[in-house]
């Protein structure tokens, strides 16, 4: 297992939500989750929290794919369509920028019909400095 | 129970995370959660997802405190300090702006030592238009 | 001239910064600007304000390309590399989502060497409701 | 002059917009600007760019008030009310968090009637490490 896969395997929060790791590569990751009834909010649709968690997990795998321990410094999310019970959601993270200790990742969460559920953008911070880091 | 309290009582996702509603008022809410071992990430600290969920729940209660059904349109979060296993986290949501269908809410997540864990900002959208809404 | 081009032609703020419209299409726009000495900050690099203005202008043209009057509701920007005096900056806006009155646009600002200067994300709100708008 | 005041005095971009520094203190700043006709957009209201610039300038002064050279890493802005020609806008920046090289600042832009125009949140990065910085 790569360091990112080991990190994912040890991610109890992702396991609690039933998140599966489908793909991982240098600076990218795809994860998926099915909306359970304990993920619904008081309006009967999927709470923003599990949707954020799914996107954040894809982001975490992608930004740790290079090796050094990297954490989320900040993230933003735009909710575009509601997700419903039993929807299968996929989150695809793509690295947009990386230099020194800072990285920028875009994550798109979609449902099985290909409709966008949320667009997420995460800023990462590498805690253990890599040898070529300059910031 | 007020509409916001009813909505919270029906929030299965908040219940799954053990989130408690401590206070609710017009445009504001305080909720709390204790970090469980199934909320930890692969680095052994609290995953960003449950922290976001806690803040998002405070935001949801606050923005639904006025009555009409209101959902999150967008949110951003800055992670400031890690949260550890068994930390008691409190999220305090405050309304900063509301006009027509749009609202802006700031949420501060802190631990028991009073240290800031995250600052969250949420933009709400009222789905069921209130009678005086103009946008 | 299309409505978006007319809007750009009437944009005194863009003119003041010397912003040129290079391309416009349905949901997309490319604009450019050269960093002048009156755009530098106290550290001697380009102030974040003109970089934001450039991205915001591309966003405005793109989100008004469909006709109805549309304004920025919110925006975020990540500054990735500094821009220097006399740098030629290009901002490319792409529509990521649009439904009813809401749109989401990503804008990438680059210099002539192709290095990313900033990633911008804007959320638009259509003021004059289009006939098929439902939110 | 303090280092932040010196930085502001050398800020050609702020000068170009007629931004005045009203107050500066440890981690805080107040600046003001009057909306000119060359700040209007194609819809006849103040362009988001100068509003962002005003908020960003307050942020820059506040985050440089501690001495070491500090730059904006990221910022987000929510536009709440339009600003019109000749409106006098004030931006008040407050430090919310600072540790090591990272800071978080909230800026509120208001008009003379006390109406909120925009809420801005900036994340700063200290380039020249201060002696007690640990991240």
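Should a chain be cited, it is by its letter among A, B, C and D, assigned in written order, with residues numbered from 1 in that chain.
To be clear about the criterion, a residue touches a chain if its C-beta (ideal position, glycine included) is under 8 Å from a C-beta of that chain, and two chains touch if they have at least 3 such contacts.
Source: prediction; values computed, not measured.
> Report back the single chain whose CA centre is most distant from the CA centre of chain D.
The chain farthest from chain D, judged by C-alpha centres, is A.
> When contacts are scored as defined above, which chain pair ends up with more C-beta pairs, C-D or A-D?
Contact tally favours C-D.
> Taking each chain's centre as the mean position of its Cα atoms, how many Å separate chain A from chain C?
A distance of 27 Å separates the two centres.
> For chain C and chain D, let me know how many angstrom lie between their CA-based centres, rounded off.
Between these chains, centre-to-centre, one finds 20 Å.
> Hey, how far is the Cα centre of chain A from the one of chain D, in Å?
Computed from C-alpha means, the inter-chain centre distance equals 32 Å.
> Give the residues of chain A touching no fewer than two other chains, as numbers and ranges.
Within chain A, residues 73-74, 76, 78, 123 contact more than one other chain.
> What residues of chain B sit close enough to touch chain D in their complex?
Listed in rising order, the residues of chain B that touch chain D are 76, 78, 80-81, 96-97, 99, 104, 106, 116, 119, 121, 123.
> Can you name the residues of chain B that touch chain C in the complex?
Residues 73-74, 76, 102, 123, 125, 135.
> Which positions of chain D touch chain C when the two form their complex?
Touching chain C: residues 6-17, 37-44, 46-50, 52-54, 56-57, 60, 64, 69, 71-79, 82 of chain D.
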